[in-house]
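Next come two complexes built around subunit A: one with subunit B, the other with subunit C.
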Partner chain A sequence: MSSPLPANEPAGLDRRAFLKTVSAAGLGLALTRATPAWAQAKADGSVSPNSILNIALVGVGAQGRVLMDAVLKIPTVRIVAVCDIWEYARTYGQRYLKKSGFEVRAYENHHDMLAKEKDIQAVLVATPDFWHAPVTNDCLRAGLHVYCEKMMSNTIEGARSMVKTMRETGKLLQIGHQRRSNPRYLVARDRLIRDAKLLGRITAANAQWNRAASDDLGWPNRAAMSKALLEKYGFEDMHQFRNWRWYKKYGGGPLSDLGAHQIDIFNWFFDTTPTTVIGNGGRDYYPNHEWMDNAMVIYEYHLPEGVARAFYQVQTTTSAGGGYYEQFMGVNGTLKMSENPKYTSIFREAAAPAWDEWIRRHWLAAPTAPASAADTTEASSEKVDARETAELASYRLPVVLNKAIHQPHLENFFNAIRGTAKLNCPADEAFKSEMTVFKAIEAVEKKTLITCTPEDFAV
Partner chain B sequence: MNHLALRSSFLLLAAAALLPFARAEEKVPLKLQLPKPMFVGTPVPVKLPNLETPRASGRRPDFMVPKGVVNLALNKTVTSSDMEPVLGDLAQITDGEKAGDEGNYVEFGKGKQWVQVDLGAASPIYAIVVWHYHSQARVYKAVVAQLSDDPDFIKDVVTVYNNDDRNVNGLGEGKDPTYIETNEGRIIDAKGTKARYVRLYSNGNTTSDMNHYIEVEVWGLPAQ
Partner chain C sequence: MSDSTSTQQDCGSTLGFLVLRAWLGIRALVTGIEKFSDVRTVQQPLLDEAGKPDPSGAVVEIQQKFYSFHSYRAIPDALRDKFAQEPLLPSFLTSPFYAALGWALILLGITLLLGLWTRISLAVMGAIYVALTVGLILIKQDAGVAWLAIHIALIAYALQLSKHNRFALTRS
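What follows is the complex of A and B.
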């Protein structure tokens, strides 16, 4: 897998130079905000007309709209077609893009689109999970590069087929684990953990994604699809179509929808796959759903330095507990990462070697004082135990992502098509995380310890 | 009729003449029919310099209005700077439906956009209540509410709310706070200003550059 970060930066590389390095190597061309970005870039000569890619979007639901917004900020890409079985969604896509300067053609399914669109180089797939493999495989075989949202599929067989088709066709297949192209994550993993070894030996990790309880999604009655149309595309009814994430026929539930992003970070940061997983969880709150609404799992990883265990929880009935993050805990420090910079901190253990060198190099930003150090009025009755460790100083990550969070990953995909980058999350790499999630689901459903072998992660 | 009787009659007439004003001054809490709360997704901290602190708990304090106010905007004509919304149609903004789920909001284009309600006649307006989008904890930017009898909002424009602290709309710098959208909607004090047209501006939100409206209510006394 490619990394946009050089393994060893010369000492004294400042933040600006470092960010420039990240941008040039991993994020592609400098961006301008324009509408449409591709037309502006073409007009002002900043992008060669030959380098503009024509792409299509299959699936204009919530995630498709997120991708559409990110693509609109990239001046070297032009959306020419959208595809969705729901007229309401594809009309939305068509009108939305029209307001951004794109006259796009709309199709009900990808077969019609592939038959008529002969000038597209790539497709973004953001359908419900059970359509990922068929759409992706058809597009790859049609000679197109594909960016497919995670999970790759709702079945292991579906995910394996995508890897095989990628290899057979020689086309690119990027999976939408967008954190792998986020410069903040790249710096944290490659620089702070791998190069500087700030955390020392990592013994544990934990991650979570907690969301408040919510009602099922509705739909405007005037826009409901007919039963025949729904059945044509594998859906029971409008309710299941709108709430497909909760049904086993279509998706993988919260461990797949939310957990996949963060469980992928376990594998990516540890640079290996787990050996076992144990879990618990259930469908305890939403009686009409098929999938569990909460889960807690513990993986065991065998790292070169020793064993590390990683706890993951997903809750869909409470937003408490600090939102969403991934945390890696070592004997010298802890890295708490999140796509939201407000949830991100690096904590230094009091007995760890000094981190002044890394601050001087601008790999870290100076710490904020622990709250208790500033608070001298604390009542002695609030002191819990004389052996309690002092509160840790909190350092900051001196990298800012000033783009939509999916944009760098899409840019990596488009640059790979042009031959100027390697994919940050090709399907065979993503398959390992896919399997890691399936193993957790199996552990929760069987409520037992599941063993993972190297063969499980191979295709 | 003697002098005393004349004086009594005069006082009675004066009291009768003042009665409508006395009634207008009688204040009652504004009663709104609120849609079901609908926050979905992961809470994301919103950081804006002029963001008001969300109420920690409890119900919103009563907003007092003269007795007899009605929603003058219900089913009234809506126009917009963007007459071809991405989603929905303009009539939805005054149709009384305030649910926050898919299909109940109108999505307008990026940047500065406005919607305008024609009340049909100039009326004293006491409260404007707006629901932009309440299934996520979003903040709509540069929200401005104006009243006028001029449909083009050129003459005699009264601004009753403006949180455009950087004047991105070009309507003047505003000192009012930005706020997180909820199912409660935002009550804007219109202070009894008499007007026929109500115009609301926004300029994107903290989730996207687009503009949205679920419902606009205009509470006032019917025109005499």
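What follows is the complex of A and C.
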């Protein structure tokens, strides 16, 4: 009996299993109502082969592999082509996918891929930042939807061009700020901060990503690219190719690589952009890098209820200070968010209104230690200074993400292609965060106060 | 002392013992049942007040208490570990004690509530608490010892009042 699924469908995924998975993922309605023909089920219940999205991955480096792993967990999407200028990486991608049951075609560059691949609906772009805009714009103009990793570009002009191309072509362009599709972040923002107003007036925020010092990336000698090939794609040498994040013509440095995710959370949670930013930082440790290895910036946000200041620091020379998180501090409580649940907590100020209602709704989980402990005489006696506030009760966020952290954002992108969802981070929205990061970089480099106007964030 | 005063005192003692018997019975029964309880973490969709799933598709982890024979723990693991380190509490003594404790408390709770062999039940209950007291003294849990002493005092008082035992299935 012939199967309606393509021949290179992963082993073990038969039609029955596929339908079950789709239904469990909440796509049952999509199969019967979605407008694109390739997303519709046949009347007899079987599924058209076209219901599977064919996509390509451009850039099979570290981030590309993270996306590849996440896509492999989505049964309604199939990677059919990979693209990388480095044969070593694209061969890896090809073999890795083959082990997962997918025969994919490999290309050196996206031009060749676009010329030959006529049956793909979308492209994932995970190249070094300076290639994001050219690749994305070309793919959009070729009629494909694009999921592009952040930063959108290493230049403002590049990022702006992507927004314009998205608008001109009418294609979807999702930027990889994956926290925006993470249900843990969505519940924290929409339920705890907005609906419950749990924190009261937010007066401050701080976020950080502190990472231990590390050596530059190397490469197997036998896999080194020729000088001519590197220059063809804009790289000076193999070292800069492998360590492009540290060089100004390829990327934006730590504020861009690590900070962009978290600075985006400032904008998203505050639902606005900053008015000023001041910063400091420098290249203090790694002598051979161009970009700063640490930076500290302070943004000022004008919220409807008053001013809030947001401090951000990124350290690439020490992992001290509690890992990576984004923290919003209000008069009634503090929300400390992180993609890693172990860094996530919600702290209630002693004078805040009761949170029992939010525990009942499962928006919060009661503290493991009794909440009242913070109010006891014993707790007060632990103070070493009379002006010290007693230790706050720490609540848990009960929301769990049982998927790879990038998967919900990718699923949102694929669902948007099918017409069953709106993009959680379209390029014009991401551009605001892009500009917010560029302003911070400018503030650090000039060591002065930089003003941000609404026009800066518009395209 | 007039007859009516004596009758009132008897009635008071009877009711007093009844209340004490009921309290000790409930204390033993529920404590025994709780030894078969555990808490498990379950995941379920986050629902709004109308029962609709949250638009984020969030799944929440909820702590759910349940009872099963498999969950039986005579005493908390931390306490058990401490007892295991005590040379005066050899396992050939503690193991059967742990195995019987939950069932014994349930049985004693039922007999006390029904008024079955009340004196014997009270005496056995007292012996169990004395046995537990030995362990707590050895690991220097003075607060726990004092806590058990209150139970022992109540049991002793109940034994003293047991001649006023009424509403019981047996008279012994």
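The rule is simple: the second predicted complex is superposed on the first by the 397 of 459 C-alpha atoms of A that agree within 3 Å, B and C clash if a C-alpha of one lies under 4 Å from a C-alpha of the other, contacts with A are read in each partner's own complex, and residues count from 1 in each chain.
As a working rule, a residue touches a chain if its C-beta (ideal position, glycine included) is under 8 Å from a C-beta of that chain, and two chains touch if they have at least 3 such contacts.
The shown structure was predicted, so the numbers you read here are calculated from the model rather than taken from an experiment.
Asker: Looking at the superposed three-chain arrangement on subunit A, would you call subunit B and subunit C a clash or a fit?
Answerer: Superposition check on subunit A shows subunit B and subunit C fit without a clash.
Asker: More residues of subunit A are touched by which partner: subunit B or subunit C?
Answerer: Per-residue touch count on subunit A favours B.
Asker: After the superposition on A, what does A:Thr420 contact: first (subunit B), second (subunit C), both or neither?
Answerer: Touch status of A:Thr420: no partner.
Asker: For A:Thr448, decide between first (touching subunit B), second (touching subunit C), both and neither.
Answerer: It touches nothing on subunit B or subunit C.
Asker: Regarding the shared-chain residue A:Val187, is it in contact with subunit B (first), subunit C (second), both, or neither?
Answerer: second
Asker: For A:Lys99, is the partner it touches subunit B (first), subunit C (second), both, or none of the two (neither)?
Answerer: Once the two structures are laid over each other on A, A:Lys99 reaches subunit B alone.
Asker: Just to be sure I read the superposition right, which of the two partners does A:Val400 touch: subunit B = first, subunit C = second, or both, or neither?
Answerer: Once the two structures are laid over each other on A, A:Val400 reaches subunit C alone.
Asker: Contacts for A:Ser319 in the overlay, against subunit B (first) and subunit C (second): which applies, first, second, both or neither?
Answerer: Once the two structures are laid over each other on A, A:Ser319 reaches subunit B alone.
Asker: Quick one: is A:Ser214 in contact with subunit B, with subunit C, with both, or with neither? Answer first, second, both or neither.
Answerer: A:Ser214: touches subunit B, not subunit C.
Asker: Report, in whole Å, the shortest distance between any C-alpha atom of subunit B and any C-alpha atom of subunit C after the two complexes are superposed.
Answerer: 16
Asker: So which positions on subunit A get touched by both subunit B and subunit C?
Answerer: none
Asker: Which stretch or stretches of subunit A touch subunit B in the complex?
Answerer: On the subunit A side, the touching residues are 35, 69, 88, 92, 95-96, 99-100, 209-212, 214-215, 217-223, 242, 319, 323-324, 340, 342.
Asker: How about subunit C: which of its residues touch subunit A in the complex?
Answerer: Going by the criterion above, the answer is residues 43, 46-47, 49, 54-63.
Asker: List the residues on subunit A that touch subunit C in their complex, please.
Answerer: Those residues of subunit A that touch subunit C are 26, 183-184, 186-187, 190-191, 361-363, 365, 398-402, 408.
Asker: Spell out the part of subunit B that touches subunit A in their complex, as residue ranges.
Answerer: Residue positions touching the partner: 36, 38-45, 47, 84-87, 99, 101-104, 107, 109-110, 208.
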